[in-house]
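Please read through the structure below; I'll follow up with questions.
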Amino acid sequence: MQPLSNRAKKLEKKPMTLAERAYLPAIFQGLSITLRHFFSKKATIRYPEETRPFSPVFRGLHVLKRDEQGRERCTACGLCAVACPAEAITMVAGERKKGEEGLYREEKYAVSYEINMLRCIFCGLCEEACPKAAVYLQADKMAPPRFERDEFIYGKDRLVEPVAPDARSQRGIQLTPEQAQALNAKLAQPA
Amino acid sequence: MELPVLGWQALVILVVFGISLLIATYSTYAERVIAAFLQDRVGPDRAGPFGILQPLADAVKLFTKEEFFPAGANRALFVFGPCLAMVTALMASAVIPFGNYLQFGTTIVHLQGIEVNIGMLYVFGVVSLGVYGIMIGGWASNNKFSLLGAIRAASQNISYELAMGMALIAVLMMSGTLSLREITLQQSVPGEWHFWNIVKQPIGFIIFIVCAFAETNRTPFDLPECETELVGGYHTEYSSMKMGLYLFAEYINVFVASAVMSVLYFGGFNFPFQYELRDFLAQSQGAVTAQNIITILGVVAVFIKIFSFIFFFMWVRWTLPRFRYDQLMRLGWTILIPLAIFNILLTGGLILLGVIQ
Amino acid sequence: MNDIRVPEIKTVAAPEGIEGAGFFATSLEKVVGIARANSLWPLPFATSCCGIEFMATMGAHYDISRFGSERPSFSPRQADLLMVMGTIAKKMAPIVKQVYEQMAEPRWVLAMGACACSGGIFDSYSVLQGIDRIIPVDVYVPGCPPRPEQVLDGLMRVQDLARNESMRRRNSPEYQALLESYNIK
Amino acid sequence: MADPNEEAAAQSAAVTEEDPNKLTNARVLANLHRMFGEDAFTDVEEPYGLLTATTTRERIHDIIETLQADEEMQLNFLTTMCGIHYPDHEGKELGMIYHLHSLVHNVRLRLKIFFPIADPVVPTLTDIYATANWMEREAYDFFGIIFPGHPNLIRILNVEDMDYHPMRKEYPLEDGTREDKTDLFFGR
Amino acid sequence: MAVNDTLAGTHKIIEEAREQQHNQLIPTVNDFNQELTTLNLGPTHPATHGIFQNILQMDGERIVSGVPTIGYIHRAFEKIAERRPLYQITPLTDRMNYCSSPINNMGWHMTVEKLLGITVPKRAQYMRVIMMELARIVDHLICNSILGVDTGAFTGFLYVFQEREKVYEIYEEVCGARLTTNMGRIGGMERDFTPVALEKLRKWVKEFPAVMREFQSMFDRNRIFMDRTQYVGGITAEKALNYGFTGPNLRAAGVDYDVRVMNPYSSYQDFEFDIPVGTNGDTYDRYLVRNEEIWQSLRIIEQALENLPEGPYHADAPHYYLPPKQAVYQNMEALIYHFKIIMGEIEAPVGEVYHSVEGGNGELGFYLISDGGRTPYRLHFRRPCFIYYQAYSEMVVGQSLSDAIVTLSSMNVIAGELDA
C-alpha cells in the first residue's frame, strides 16, 4: 500500500539485545515493578464498609418526586414511558378528585406507576423526558439485588418519596425549581 | 532406650507431616494475599480476622461439594490420580532436614522425618512420581483439554527433570554425598569459614530454580493447567476435594521445592554466626542447652528461607507471562541442559584446580 | 420470601434426650454453611457489557477476592456460583443450561444485569427474555450493567443463601421439583 | 510500507494538495459511465456527498470486480454491504447495498441493486473480497437473499433452525414471549 | 509498483516466520499420518471472553483448520433500531462495543446530525473528541492488558484497570454512568463539563503516563512476551485489506488508514497526532500499535483540553435538541418542542447517510436510511469486529493452540460488536 496520509509513524521493532535474550533483566524489571506495588497503597474500597463517592449526576434508582408541599408531581402524561427504550415504565392515569389537592399537584395523576427495575437500563431518558420534574434517578441509591423476579416491579409505594421532607433523598438530586428556591430561602434565613 | 528414640522420631514425622499440610493450606491463603498485594488489592479479609479462615472455608466447601465422575471416565483411575499426586507430594517432605538435632539428656532427636543417606535421590524419585498423578488424572477425565494438559505436564516434567538433575550433580560433586543432612552440614563447618552453596553454584542455582518452577507447574511454566488455553488443564473435570487434592499437591510441591532449594543452596538450617552464638551461649547455659537453642533458631532460619522461596514462587507467578509449549521445550533442551552440562564441567574444573571443594 | 429455594429441612426429629447429635448436626451445618458462603468460586459466564463490569469487580478497586471469590473457575465442575452476565441469546440458551447441568452441587445462580435477568432493552426475536426460563436463578442483580457495588451486594445475597442453607437441600423434594420444572435431571 | 518515512510523507503531501487529478464524485461517475456504459446505472445521486448509483444484479459482480482491479480509481475496499427490504416496491422488494471505498483517493461509492423477493438471487462477491463472506451470510440470514457460489451460505447470527428471515419488514421484532409488558397505552 | 514490492516483502517475512514455526512444532500430519483431533474452543472457553465458538482441527497442538461460529449474543440491533425513535438508539449503540461506548454514541449522534443538517458548536466538538479519545485509550488498554492475561500475566491487567476505573469516574461525572454511557445528545452534549469533571480529567491526563510507561515496561521488551507474540497471527496488508480490516489491526499490517485523518469529523483536523503503523501485522505489532495509539490519544486530549473553546455545548436546534428543563416548566413553546422531540415526531428528512468514525476497533460505520418517519427505515451498522473476525480462522492455521488464543485476544474481538 502506498501511504494514505503524511502522518504515518512507523513503529520500530528492534531486535532483541543479548540482555533481553537472556530473559533475566526483563524478569527482574517486572519483579521490581510488582514488588513496588506490593508495598504501595492499596486501591481497594472495602465495600460495603466503605463506599465510593458517586458523582452527583449518577443515574441510580428512580424516585418520584413530591413538590415542597408534599404533593406528587407526576401528572401521568406518559412521556417517560414513551421515552423508555426498554419499555419498562407503565402507568395508569386518573383524575384528581375533590379533596385530593393536597396529594396531587396536577389534575391528572398516576393511579399506578410501575417501573420494572429488571428491564430498566438506567439510561436516564425518562428523567430527561419528564416535563414536570417528577421522575429522577437518584445519585446515591442503586437498585438492590433481590431473590425473586416479581420483587422488581417497583410500584408507587417504593418509588414515591416519603412525605416527611427530612426523609427524602438529599444528596445529588437535581432540585426542582421550587425546591431550589425553598432551599435558597432556607439557606438565606439563619444568617 | 530404643523405644523412646523411635517414639520421638514418630513425633517428628507426625509434626513434619502436619507442617507440610499446614503450610500447603496456608500457601493458598498466602497466594491470595500476596497476589492481592502485588496487584494493589487487599485480598480475602472477610472470613475471620484478615481472612485467615479462608483456607478452612475452602477446604470445608470442597469436602462438602458433590463428587462427580465425568461420563466415560475410568472411575478408579479418576480417583487414583489426585491421590497419587497428593501422596507423592507429601512423601517428599520426609527427608528434608528442618533442623539439626535436639538433645534431651542422652536422647538425640534429629529434626528430620527420616535420615537416609540417599535423601536427594529419594526426593527426586518421589517428586518425579508426582507427574503420574497429573497424567493419570488428565487421561482418566476423558476430556481433550485434560488430556492436552496431561501431555504437556508429562513432557515438561521429563525435560526439566534432566536439567534439574544435572544442576544437582554439580552440587553433589562438591559434597560427595546424597544425604541432605550432610549437604547442609557441609555448608557450615565450625571453625572454618564456609560459604553456602549458592556462592559456589550460582549457575546451578538458576537452573535449579527455573526447573523447580517447571516441576511444580507454576507460572511461567503452568502450561498443564493454564487457564486461558486449557480451561483448567488436567483438573478441568475434577470437582470437590479431588480437585482440592491437586491444588494441595501443587502447594506441597512448592513447599518441598523451596525446602530443597534452601537446603541445597542456602545452607538449610545454618545461619550466620551460629557458632559464635553457640559458644557465647555455652558459657552461661552449658553446651547442651546452647546447642538446642541454636537448633531451634536453625529451624526458624530454615523456615524463613522456605517462606522466602514460597513468596518468590508467588511473586513470579503474578508477574510473568507464561511460555508457549514449544518455547518451553526449547528453553529446557537447548538452553538449560547445555548450561547444566557446562556447569558440571566448570565445577569439575574448579574442584580439580582446588578453587572450591 | 423464597421458601422453595431455601427450604428449612429439619433433620429427623431426635427423640427427647438425644439432642447432642442434633446439636452437632446443626452446628456442622452452620459451619459448612459459613464455609460455603465464604468460598463461592464464581463461574463468570460473561457474554457482554456486564462482563466488563465484572472485571471491574475483580479489579483492585472493588476486589471480589475479599469475599473469597476471586478464583474464577472456568470449569463448571469446580464452580459454586454461576454468574450469568450479559445478554443470553436463544442460540446461547442451551449452552447456559448445559453449563448449569455440569456444575456440581451445591450451586447457585446469579443473574447479573438487565439482559440476563429479563432481556433488558433487547425485547427481540433472538434474545431470551430472562435466564430464569431455562435455569433457576437465586439472585437477580438489576442494572445495565450493574455497578460493582451492586454485584457485590448480589454476591452477599448469595452468601446469605449459602449460609442459611441446609446441607441436604439438594436431596429435598422441593429442590428436585424445582429442577424438574426446568427439565433438569 | 517498507519505504522510508520521508518518501512516504512526500508522496502523500502530493496527494493532499489540490491537484487536478483529484478524484471527485463527478470524475468517478464519468469513469463509471465510460467503463460500463451510461445505461448501467440509474438513479444516480449524491446524498450527503456520497455518490450513489443503482445497477442491476446481472452486472454487479462484473462492476465490482472491474473496479477493484481498476488502477486509476482503486475502488478496492469493500466497506460494507447490507440487504434492504421495501415491501411496497413491486418487483424490487429486496435490495443489496454495497459501499466501496478507495482508500488512496478517499472516495466512496455506493452501489445498489434491487430484485424481486420471489427470486432473491445475487451473485456472490466472495471470489473478489474475502470480507464479503460473512456479510453475505448475514444478508442471507436477515433477508433470505441467496448468493450462488458462496462457499458456506448458512445462517450466521441466528439459530440454524429458524424458519424465517427476521429483518424482512413483515416479521415482528418481538417474539411474543415477553411477559412483563402490560402497557397497552404507551407502548409502541 | 513499488507498493507491490513492499507487500511482497512483508509477505515473505510472514511466510518465513510461519515456516519457522512449522519446523518448530515438529510432528506433522505427514510425519506420522495421525488422525486429527477436533477441539471445541468456546463458546464458554475463558479465552473467548465474549462468546464465539471455534471448532479447531488440531494435529497435536497445531491447528490445521478452524471453523468459527458466531451469533451467540445476537440481539437484533438493526431490527430494534427500526422500531425506535432516533434518540432512543443511543442506548443501543452503547452496547455494541461496550469497551468504548462513547465513540459509538458520538458516532451515532454525528450520523443523525449529518442527516438533519445540524452543525455542532466547536466546544461540543472538542468535548466529544476528549470523550472519544478517552474511550479509545481505555478500549486499547483493556485489549492490551487482556493480551497480558491471556499470556499468563494477570497483574498488568489489574494495574491498568485502575486507570480504567478513573476514566469511569470521569464518565460518571460527565454523563452519570460508568460503562454504558448514553453520553451526549443529538446536537451536542447533554451537559457541560462540570469543574469536577475537568479537574478529574486534567489530573488523570497528568497521572496516566506513568502507569502506562510502567505497563509497557512490564511487557514491551520481555522476551517471554515477545516470543509469545512476535510472528504470531500475522496478516499481510494485502490480505487485511481484502478482509476489510480497519483500525489498529489494519495499521499493524502497515496501512495508515485512519478515519480521523482521512475523513475528519468533530474537528479532528485541528489536532496534531500520528498514525502508528506496524510492519507485518502480527500480534506484537498490534500490541505496539495500540500502545502507541494510546499515547497519540493522550496527545489529542491534551491539545483539546488546552484549546477547549468557550461557548455553548450544544447546537441551537430547538427541533432536535431538548430545551432546558427550566424552560419546559415555564415556557409553553419549549414544552411543545419537548413533547415533540420525546414523542419522536421530529421531522427527519428523507434520505440516506453513511457516516463512519474511528471506533476502538476500526471504522465504525452507521448507514442510516430515513423515510421521514420517526424511526429509521433501515439502520445498518458497519461493525469492524464482525468484519475482521472472519480472518481469524485463516490467521491461526498452522499455529499452536496458545498462539490462537493470543491472536484472538490481540484482535480485540468484542462480542457485542461482532454479533450486533
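Think of it as A, B, C, D and E in the order they're written, each chain with its own count starting at 1.
Quick note on the criterion: a residue touches a chain if its C-beta (ideal position, glycine included) is under 8 Å from a C-beta of that chain, and two chains touch if they have at least 3 such contacts.
For clarity, every value in this text was computed on a predicted model and none was experimentally measured.
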Where chain A and chain D overlap in contact partners, by chain label: C, E
Chains partitioned by contact, chain A not counted: one piece
Centroid comparison with chain A (C-alpha atoms), farthest chain: B
Chain separated most widely from chain C, comparing mean CA positions: D
Intercentroid distance (Cα basis), chain C paired with chain A, Å: 26
CA centroid of chain B to CA centroid of chain E, Å: 46
Rounded Å distance between chain C and chain E, as computed from the means of their C-alpha atoms: 33
Of all residues in chain C, the ones touching two or more other chains: 60-61, 63, 66, 74, 91, 118-119, 121, 123-126, 144, 147
Touching two or more other chains - residues of chain B: 35, 38-42, 45, 227, 231, 318-320
Contacts with 2+ other chains: residues of chain E: 2, 45-46, 71, 74, 76, 79-80, 91-92, 153, 155, 158-159, 162, 165, 180, 218, 222, 224, 237, 241, 254-257, 262, 277, 279, 419
All pairs of touching chains, each written as two labels joined by a dash: A-B, A-C, A-D, A-E, B-C, B-E, C-D, C-E, D-E
Complex contacts: residues of chain E adjacent to chain B: 24-25, 37, 39, 45-47, 61, 148-155, 158-159, 162, 218-219, 222, 224-225, 227-228, 400-403, 405
Complex contacts: residues of chain E adjacent to chain C: 43-46, 49-51, 71-76, 79-80, 91-92, 94-95, 98-99, 142, 158-159, 161-162, 164-165, 168, 178-180, 415-416, 419
Footprint of chain E on chain B - complex, ascending: 35, 38-41, 144-145, 148, 219-220, 222, 226-229, 231, 318-327, 330
In the complex with chain E, residue positions of chain A that touch it: 1-5, 7-11, 13, 16, 20-23, 26-27, 29-30, 33-34, 37, 43, 54-55, 57-59, 79, 82-83, 85, 121-125, 128-129, 131-133, 137, 139, 177
Parts of chain A lying in touch with chain B, wherever the complex brings them together: 27, 30-31, 33-35, 37-38, 40-44, 46
